[in-house]
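Chain lettering (A, B, C and D) follows the sequence in which the chains are written, and residue indices restart at 1 in each chain.
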Amino acid sequence: REAVAEYALRLGDDALILAQRLGHWISRGPELEEDVALGNIALDQLGHARSFLTYAGAAWGKSEDDLAYYRREPEFRSAHLFEQPNGDFAVTIARQFIAASYQYLLYRELTRSSDPMLAAIAGKAVKEVDYHLDHSTQWVLRLAGGTEESNRRMIAGLELMWPFVGELFEDDPLIAEVGDAGVVPSSLKEEFDRATAAVLAEAGVEVPAHPMATGGGRHGRHSEHLGYLLAEMQVLAREYPGASW
Amino acid sequence: REAVAEYALRLGDDALILAQRLGHWISRGPELEEDVALGNIALDQLGHARSFLTYAGAAWGKSEDDLAYYRREPEFRSAHLFEQPNGDFAVTIARQFIAASYQYLLYRELTRSSDPMLAAIAGKAVKEVDYHLDHSTQWVLRLAGGTEESNRRMIAGLELMWPFVGELFEDDPLIAEVGDAGVVPSSLKEEFDRATAAVLAEAGVEVPAHPMATGGGRHGRHSEHLGYLLAEMQVLAREYPGASW
Amino acid sequence: DAGQANFDAVIAKDSRIEPKDWMPADYRHALVRQMSQHAHSEIIGMQPEANWITRAPSLKRKAILMAKVQDEAGHGLYLYSATETLGTTRDEMTEALLAGKARYSSIFNYPTVSWADMGAIGWMVDGAAITNQVPLCRASYGPYARAMVRICKEESFHQRQGFEILLELSHGTPGQKAMAQDAVNRWYAPSLMMFGPPDADSPNTSKSMAWNIKRFGNDELRSRFVGMLAEQVKVLELELPDPDIRFNEDTKSWDYGPLDWAEFKEVLAGRGPCNAQRMERRRAAHDDGAWVREAAAAYAAKQSASNDREAA
Amino acid sequence: DAGQANFDAVIAKDSRIEPKDWMPADYRHALVRQMSQHAHSEIIGMQPEANWITRAPSLKRKAILMAKVQDEAGHGLYLYSATETLGTTRDEMTEALLAGKARYSSIFNYPTVSWADMGAIGWMVDGAAITNQVPLCRASYGPYARAMVRICKEESFHQRQGFEILLELSHGTPGQKAMAQDAVNRWYAPSLMMFGPPDADSPNTSKSMAWNIKRFGNDELRSRFVGMLAEQVKVLELELPDPDIRFNEDTKSWDYGPLDWAEFKEVLAGRGPCNAQRMERRRAAHDDGAWVREAAAAYAAKQSASNDREAA
């Protein structure tokens, strides 16, 4: 039960941090339609985060807000990809393309989880992430195939984000412990590579080669970016301890 | 005594918030010499802030850190100028030029304060701010008289920051209450106008016309920028309440 | 002529003008001005609330706020489309906004400095908007009236959410209650001024009323709104910062204290606390997004060219 | 010839080569490489610490940290100047750094994720730097040796401040102590690797020692450093994450556990956690500042032209 909660925490943190990053785009998008679209995706991710965190927290008698607002940085279990800054629109699309490709495969498998709650959350989430994947795929094609500038920016965005792919597919002892309730990350890598390579081929862009030497988000080791994100996200809760909103 | 403390709090908050903004430039300056120069100015401002806050806090049995880290936004007394974002280097120089011009006149008068502590702090500070004024004046001349781009940016920076001049010279009941211990802000305006106009004339730039309808920093009404600055500045203190560092 | 006769008849029987119908140039112009201003207000109005998305104090509130700001983008899109039926493109309207030629509601030039502002904006600003807009659901221009029906439905949802935020705060810790009262104090007068200047100083009102665009005068709507606030503030256990509020038995309407119209004009003239910031942000989003819009257009052009080739 | 003879004689009696003296091309090249790398390390090394300036948990610590990072900029400037005496300009060195051709110390490619890292960097990273640099105060190239004397003085000040940060934390709340221990755990191995690969794998060491640029092998310095840590960690009441540390009575030096040189090589090859970020930030500061440097140059040119006119 505790292992499953730890596992749910990882998925919840990924979605929460991504929602926080995407939320910043609302009112800043390149066109109003994108304010709406990125807002939708952020809302979906936030919804998934709340489901996973609520389920995880139940194991420790904690609410979703306890987990979101009162943990310190090393207690967060999100992978580095999700905390990377938004950068320009192409950087955000690159992050989104990787995130959605990964989450789609993950949630699709997770619908077969032996844990009925995880299966149920994944069942709802996979449909939404299917749209996220389509959204980011269309933008990868558009930006790569648009103008010279957009092509250059799209390639730069992919180069910047690709080093964070590796961490998503790393297995560790918790995965073994969770067993049939979870999904073995490494088992998704081949299809991820195939699916993303197909899109990038259609876009006429090479799959970036950069491997990443490190990671560590699953064990609370984050990049220098997460601290700032959390300071902002948690400020009110910390300023008014014990208040309800 | 309480009024003098409130007054010292205003000066301390101005300097503290400015130091926090300037501190962000260190390792990001346009040349290493500016990392050093802006760092120096930030350090001086932080030093002044600590003196003023320590003195103010003594009236309420609070330390400089109690005041810096455990007040909420509406309790800060800084003027809007100081919390404005850094923008590009020209925006920072414009803010710096206004800030130093104001602080120089203010501290020079404050050396004659009937409050010996305020007079002493001002006596030390005015010498340092004299250098800040020279630094920003030189850069205003250089940027205004450099290239077409730097001229355009310098003018834009001045236009952006000038609306925040008005608030610096507003009197209010506290000023009357403090009497000889403080300086009447409005009494400095004429010389500020003359001195800044002279520099801008030498730079071949017009004094921006924008008046500002509002302000309110002295009474805890801030712009939307201060909240983010405080969230970042106070995060550790809030996360580890009661800890000493 | 026939067009004018038809137009007059439609107005006379309080029916709807549709895009294909003839209409007087003044009428068209007045509608474009009012509708595009309304659209711009939705778009600029996203900013003060977006300012708290990353800092919302609970995940539930964060989700509600995100959805709300996103709804505003949707309203903006919907209103731009409705306005386009009058022959003005969205690009032209955006251009006018960025050039400072078109207005948006002045209220969005005030800063949101605390979480309670999310409550006050929902309760008071959206409340005033609804009071203004409900009569517009019967506006004589069909697309505008239909847009208003849909928008009003969502706005009342938003208003209730704002009220709930304030309710939670006013029944929370003393610090929270103080935060709520402070927000109500700051947003009260600006929200009353959202109805525009007193009728005596409002040059467009009579024409708009003749055309069935407007249905009530500014002062009447404002008074209704004050009555709504006066009732609901009791539930909140907060106070309105106006000792002159009372129901006037003679006029059967709500009285309120004097408003600072000089400040209103200052803000309208661009000298409010956030005018420059709001425009700067919109301009930055527009400029930073230019390469994306160009890329999308270029890609679409290539795609359609290649489809043409395949079809040939 | 005479130049070579003089050079050999100076080296033989352990005296100083000065900029005007003849020196072998290899010697000059080795110095430029080492000194510019050292300068770049000061500059890139500002970033991990600057990361905590805005978040320092007390005003006193904020002031100390600001001053420290600013000192590093000063060291960088000083070292660039010293290197320029060898005939390479600062622009050329900056160019080489930004092009990824020149190195900086790999340790700065690790992230600073907590305030305790400010302590660990001061105590361990600056400590390792000092252990490396004290012998360089007697380096055969005069300007380098003199720069080192000045820099070492400030570095030991920084090291003491770092130690104090850790001391305060390790005697603070349990949360603070855990933060301190975590930082020590993370920085221990990377700081030991600052001395470079084992002597057997270090191709440049013997030549540098022959020229009196280096005075001790990498392993000897590393062992000394471990001894220093092992003593001081007791005062901190923290632990070093290496169970193999002990004083070896046979070799009269400190033993330590195996180090992960594969990781070291990965980071050196650009695949550490922050390589891309550090370079990106330096490049951004350089690019964003280009218009400022151009403006300053243009202004200076105009001034000197107008001075010339006045003089004429």
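Here is the rule we go by: a residue touches a chain if its C-beta (ideal position, glycine included) is under 8 Å from a C-beta of that chain, and two chains touch if they have at least 3 such contacts.
Since we're looking at a predicted model, the values are computed, not measured.
Contacts with subunit A and subunit C are shared by B. Between the interfaces A-D and B-D, more contacting C-beta pairs are found at B-D.
Chain centres here are Cα means. That of subunit A falls 41 Å from that of subunit B. Centre-to-centre spacing of subunit C and subunit D amounts to 58 Å, using the average Cα coordinate of each chain.
Centroids built from CA atoms put subunit D at 34 Å from subunit B. Of all residues in subunit B, those that touch two or more other chains are 227, 231-232, 235. Shared contact sites, meaning residues of subunit C that touch two or more other chains, fall at 55.
Interchain contacts give a graph that is no line, ring or star and is not complete, per the touch definition above.
By the definition given earlier, chain contacts exist for A-B, A-C, A-D, B-C, B-D. Interface residues of subunit D, counted against subunit A in their complex, comprise 48, 51, 55, 111-114, 182, 263, 266-267, 271-274, 276-277.
Against subunit D, the residues of subunit A that register as touching in their complex are 73-74, 160, 163, 210-214, 221-224, 226-227, 231. Taken together, the subunit A residues at the contact with subunit C in this complex read 16, 20, 23-24, 26-36, 39-40, 42-43, 46-47, 49-50, 53, 64-65, 68-69, 88-89, 141-143, 145-147, 149-150, 153, 232-233, 235-237, 240, 242-245.
On the side of subunit D, the complex with subunit B involves touching residues 43, 46-47, 50, 53-63, 66-67, 69-70, 73-74, 76-77, 80, 115, 165, 168-169, 172-173, 175-176, 281, 284-285, 288-299, 302. Against subunit A, the residues of subunit B that register as touching in their complex are 72, 227-228, 230-232, 235, 238-239.
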